[in-house]
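Each of the next two complexes has chain A plus one more chain, namely chain B in the first and chain C in the second.
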Partner chain A sequence: MMALPKKRAISFEKRWSWLNKFGPLLALFLVFFFFAAFNSKIASFNALEIMVLQTVIVGVAAIGMTLVIISAGIDLSAGSIIALSSVVTALLMKDFALDPLVAALGGIAAGLICGLLNGLLITRLRLVPFIVTLGTLLVVRGVAKGLARSIPINAGQTWLSGLLALLPPDRKWMLIPPGAWLMVLLAIIVAGFLRYTKLGRHIFAVGSNEDTARLCGVAVERVKVFVYAAAGTFAGLSGLMLMSYQEQGDPTGAVGLELEIIAAVVIGGGSLSGGEGSILGSLVGAMIMTVIRTGCQLNGWPTWVTQAVTGIVIIVALAVDQLRHSKID
Partner chain B sequence: MASQITADKPVDKPRLEMRGIFKRFGATVALKDVNFAVKPGEVHALVGENGAGKTTLMKILTGVSKPDKGKMLLDGLPYQPRNPLDARLKGIGMIYQELSLVPHLTVEENMLLGMEPVRFGFVRWEEMRNRVQEALQHLNHPQLKPHIRIKDLPVSLQQLVEIGRSLVIGCEVLIFDEPTSSLSRHDIDRLFKIIAEFKNKNLSIVYISHFLEEVQLISDRVTVLRDGSVVSTQELRSTQTTEIVRMMVGREIKDLYPRTPRKIGSPVLEIQNLAGLEKPENAIFVLRRGEVMGISGLIGAGRTEMLRAIFGLDPVRQGQIKIGIHLGPSSPAKRWLQGVGMLSENRSEGLAANLNLADNMTLSKLRGFGPLNLVLPRNQGAVVQKWIDLLDIRCLSPAQDVAELSGGNQQKVAIARLLQHGVDIMLLDEPTRGIDVAAKAKIYEVIDAFASGSAGEGRAPGAVLVISSYLPELIGICNTIAVMFRGRLSAVKSVEEIDEHKLMMAATGQETLK
Partner chain C sequence: MISRFVPYILCSLTLGFLSCNQGKNAQEELTIAVIPKGTTHMFWQSIHAGAVKAAQELDVNILWVGPEKEDDRQQQITLVDTQILAQVDGIVLAPLDDMALRRPVRTAVTNNIPVVIIDSGLKDSEDIYTSFVATDNREGGRIAARELARLIGGHGKVILLRYQEGSASTDNREQGFLEQIQEFEGITVVSDEQYAGATKAQAQQASENLILRFKASNGMLAVDGVFCPNESSTYGMLQALRRNHLAGKLKFVGFDAAESMIEGLRQDEIHGLVVQNPFRMGYLGVKTMVQHLRGEPVEKRIDTGVTFVGKEDLSRPEIRNLIDPNLEKWLAR
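Then we have the complex of A and B:
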């Protein structure tokens, strides 16, 4: 009696899993063509390059944030870490005259340390991630401002500036800036890591059900420290991108950017209750927000429209997600 | 009593009737031409395997979902509930397996939640209190006071509050869904007394349970559902339990508790004076290869705490745990490495609902699924598929989320994890609670094969420590049994020296196991 329905159920299931995977991508195209219908300039090579460029800062940090959100956590300190990293990098170059590469590694290390601090506070003191990272959001921002004496630090022109800038004519063959390529490369590596390694699976397990993970011998605390440390590191790298983009270390930059990063992850299918999320999705989520912003600008629409539309997209993304989850009933 | 019933309400006229109910979900037919009726003053049992349609039928009855076809009558009048509250107001109350109370509100507030009597926008506290008082008198329990918060009550009393909710509003049909699965023997007896009283007061009771002994004990009639259809509705007096089981599974399960000859070998788990934070105190026993040892006792006696302490999930206050060559308390991760696996009594701990079957089954050992220790889903799926076939797990694929499986199949996934890991010692906490007969039979088979060493080629016999509140099961599958009473573990006895009566006396502290 069950033979026929069972077969149908599989195809039903497959159809949904297809939508799960490519839903955010579909949304990206919808948004893109919506704006293209108003103003075809958005589809020009130039506009595309600018949009990729503007996605990188949020996108790189979103890779780390995806890990945190999959593990059922949250990192509100990302924006502050980005600012700190940009300040540290600029300082190391300007005041210590260090090689740009060393300075860049210093900035990323600052991010790693902040992330480790988040992870250790959360696991050792058994505090809620929301509260801990709300605290470090302020602490890290304070340290960044203290180091920079509250003014932007001009680091001068180095090859770092080219990391996230429009390509010069002789390097148009690269299609997108080196920083964007770095983001793509890291995204592929981390996506593979999540899917094909033990630690990657453990992150999903911790986020899906911490008790089960513990019962199965997963070192839950170590996994958590890892994801926050990784998130800090990616935020640090994102800070480097910010420095490159603005050519200065800005202690007051990236304020509130953590919300945009979290939004990118959520639009991309991440669930704040954990166990779900994808790197590709998060990057697409970040891209969607850039397209909206650029589209509105090209059409000369005011900023408040941009903000309102972004908000609507976030809510629609969550509603679709909800619908997807209730499909079982 | 019959004299009180007036002419327009003859005894045999059903209070509630469901006629020709059909319901389908997508391509699956959940209910097919179901007829079901309950008379006043009757306890009507509804039994069937998980997935047989009991839950769907009750969802329709309580207004959670609508039937595709068919009609319902309440006291002879058409009955079409819009939602659970509407059903309740019309006189049909359900006591859910998972209690649906608000922990931070009081007994009184919970009982009247959503239907506070209001006049001109003000809550009428007097009337509220009177109604609650009346309901509490019916339930007749000294500890149950209107102003206690729900979170301060034990589960058994929370259930009474849930029943009280239906009484307050004057429900005449009460539906109990697996009410005894988390109750101790004592609480079960009290519940049965309450149900008997309801019956005397001419209320109609629908009783859903997997425990056929209970069904036999308190019901007047039984309706058996299988694959969405009614197999039969009969008077219970004339029906044997084995007959009910046969109707439920569609075949006879002859040998529910298989017993391949087991060769008792060397000790693998030795416990000396083990004490947890509160419970257990001073537990002593030795578990050997080829042995299935049962731990009997009431809920709250400290059995679960002992198992968790051994596995490293709960703290050990004192005493010694020796597993093979390893001494002392440890963490779950180390226990797995030492060849010990645990099955939690709580399925929400045992399985991660949003993870797929393959990840759930292999979470304790994500190794050997590809080069460089990579976990390749294809290899992982192939290994998992082997267990799916072996344990007859009903699912679409290894990539399906376990949340979508039935309880019995979920439990099979949880136990397959231990087998896939290749453990030597299984710690099982209520391995068959709340699952259907066919799944139970499969799990008994697994335990027997594991202990007798017939599970796989060249496998040494394993050792099993199993907690169960279901006595026939313990006696059926174990070689040895010990009883825990208020944190103290009795001497370990061979199953031949024991019967249900002795276990019961020891579990309730009336007689120690000698």
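Then we have the complex of A and C:
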């Protein structure tokens, strides 16, 4: 008789952890079928390709942001880093006539440097991530505008342009643009890294309880620097994607995009108090926002509806998260 | 120890500067402060060049002082206040905000420093400022509508992709466009509810989704024309059309003239751009101020004009001057 309630509790807990894993995916399907009921065009191959295409810029940056949020941090400078990376890549191609591949690596390196700077400021000066990255948000944006003299840089067409563009008819067999495949590949690698490596587990440990992690011998500072450097690098790669999509280095691009990136992570199950989050969830979160935008625009609903619906989804995601926590506790 | 004297030194310096300045007034050598919204954009550099031209022609001094960013209201308010302290003879101002800049402008005028407003309006302040020198944005939208109607032969379906909520100048362009396009009975506006948003990437995404929405099963667009009311929305639409291999397949009228958009015009991907005249705005802003200071009557509202530029116009020298003014001639030292 005593065993029965215990058993029930376990299965209850299991059910919630199942929701934890597949909740965002379930939400994605719900949102998708909701819009498909209004307009079947959203289920066409063309529409799916466009939606994946429009998710990549946020999605790539969200991979890095997930690491930061799991470690109980935040990176507000992501949007500015994206703009800087797009400017650096375009400048290296246009003014220095470098090979597109070298220019792209230069843009990503710029992101890495910004990320390292964030990490070092946070660990060495013992400052709050929110404040440090709020500062670098302005610094990096300023540098991007300065480098570009505040005007967009037209770098011209190279193979980089094809990274994030609708597929030409003879390459439809690829299903989604090369940039999207790159995002999927990186997501699998980083998800594996988080789950199976020591450093990956340490990120969770730091985010769950920093003091305990330190007592257990985790090099907390080193983990943090790594996490911000990784976030900067992924933002840099995302900047390369922006540059490919827009075919311009844009110093005023991606303004406020950090909020969309953070929202993607949170919708995907990331917790701003740290210790929780998944790469798959974050990508699904980014996809949900794209589906809402595309769905509203396909139905000709005004822009304010799109924004309001996206806001509601973020709040519902957080509410479900909160509910789940209270049930498990 | 020295720090104790700093305020006194500053005070005496300021007083000395002020008296110097008043002395200059007596000699009839006018100093006019020109305060733009920003200093780096091509648009503002053209305004600067125009102001320099007027200053040279009319033999006055101009002070070119602008905020570093185009959205720093606080800094612009400080700049206006500083010019009042410095007792310039007049201020030519492009207000960053139609409400926030009213107080400093009023302070200037009560201190006998007249203000000419350029580029963007100041709300309910006709009795304060001397003159308003700017593009007639509503007319710009109307011109776009007339030209788009001509391009599609007077009947068909058109899209208006708006810029952003709360932007006064583009709001007027959108209203002017809708007003005028409704006069054509054969034309229906199939979408005017979408805003492109602040960045080009957002504009491009909104455009892609509009294209998806109006794409027929044969891959062609069920739309004949599109109008975008500023640089970022025009570029986003151009980029989305290109990547859907639809550029040039429908008539496209944009606003403003960035290098990338002129290229689109050359390639027949854009069929017309409505272009403002910032050089003329800077020139007439300073000229109007000088006329006022010299006791001549001036117009309360001066329209600096908008021009429709098609591909065939690109070779005309006056259009070339408009889209690529010789800034070095005026701004080089």
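In this section, the second predicted complex is superposed on the first by the 325 of 329 C-alpha atoms of A that agree within 3 Å, B and C clash if a C-alpha of one lies under 4 Å from a C-alpha of the other, contacts with A are read in each partner's own complex, and residues count from 1 in each chain.
Note that in this section a contact is a pair of C-beta atoms (placed from the backbone, for glycine too) under 8 Å apart; a residue touches a chain by one contact, two chains touch by 3 or more.
Model, not experiment: these values are computed from the prediction.
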Chain A as common anchor, with chain B and chain C clashing or fitting: fit
First, second, both or neither for A:Gly253, with chain B first and chain C second: second
Which superposed partner A:Arg201 touches (first chain B, second chain C, both, neither): first
Which of chain B and chain C A:Cys216 touches, first, second, both or neither: first
Which superposed partner A:Arg126 touches (first chain B, second chain C, both, neither): neither
Chain B versus chain C as contact partner of A:Gly275, first or second or both or neither: first
Shortest CA-CA distance between chain B and chain C [superposed frame, angstrom]: 35
Residues on chain A lying within both footprints (that of chain B and that of chain C): none
Complex contacts: residues of chain B adjacent to chain A: 26-29, 227, 313, 331-337, 342, 344, 348-355, 359-360, 363-364, 366-367, 370, 373-377, 396-397, 400, 403-404, 417
Chain C residues touching chain A - in the complex, by the definition given at the top: 38, 40-42, 165, 191, 193-195, 197-201, 204-206, 208-210, 212-213, 215, 235, 239, 243-244, 258-260, 263
Touching residues on chain A, where the partner in the complex is chain C: 41, 46-47, 50, 53-54, 57, 145, 149-152, 154, 165-166, 242, 245-248, 250, 252-257, 293-294, 297-298, 300-304
List of chain A residues in touch with chain B within their complex: 1-2, 4-6, 8-10, 12-13, 195-198, 200-202, 204-205, 208-209, 211-219, 275-276, 328
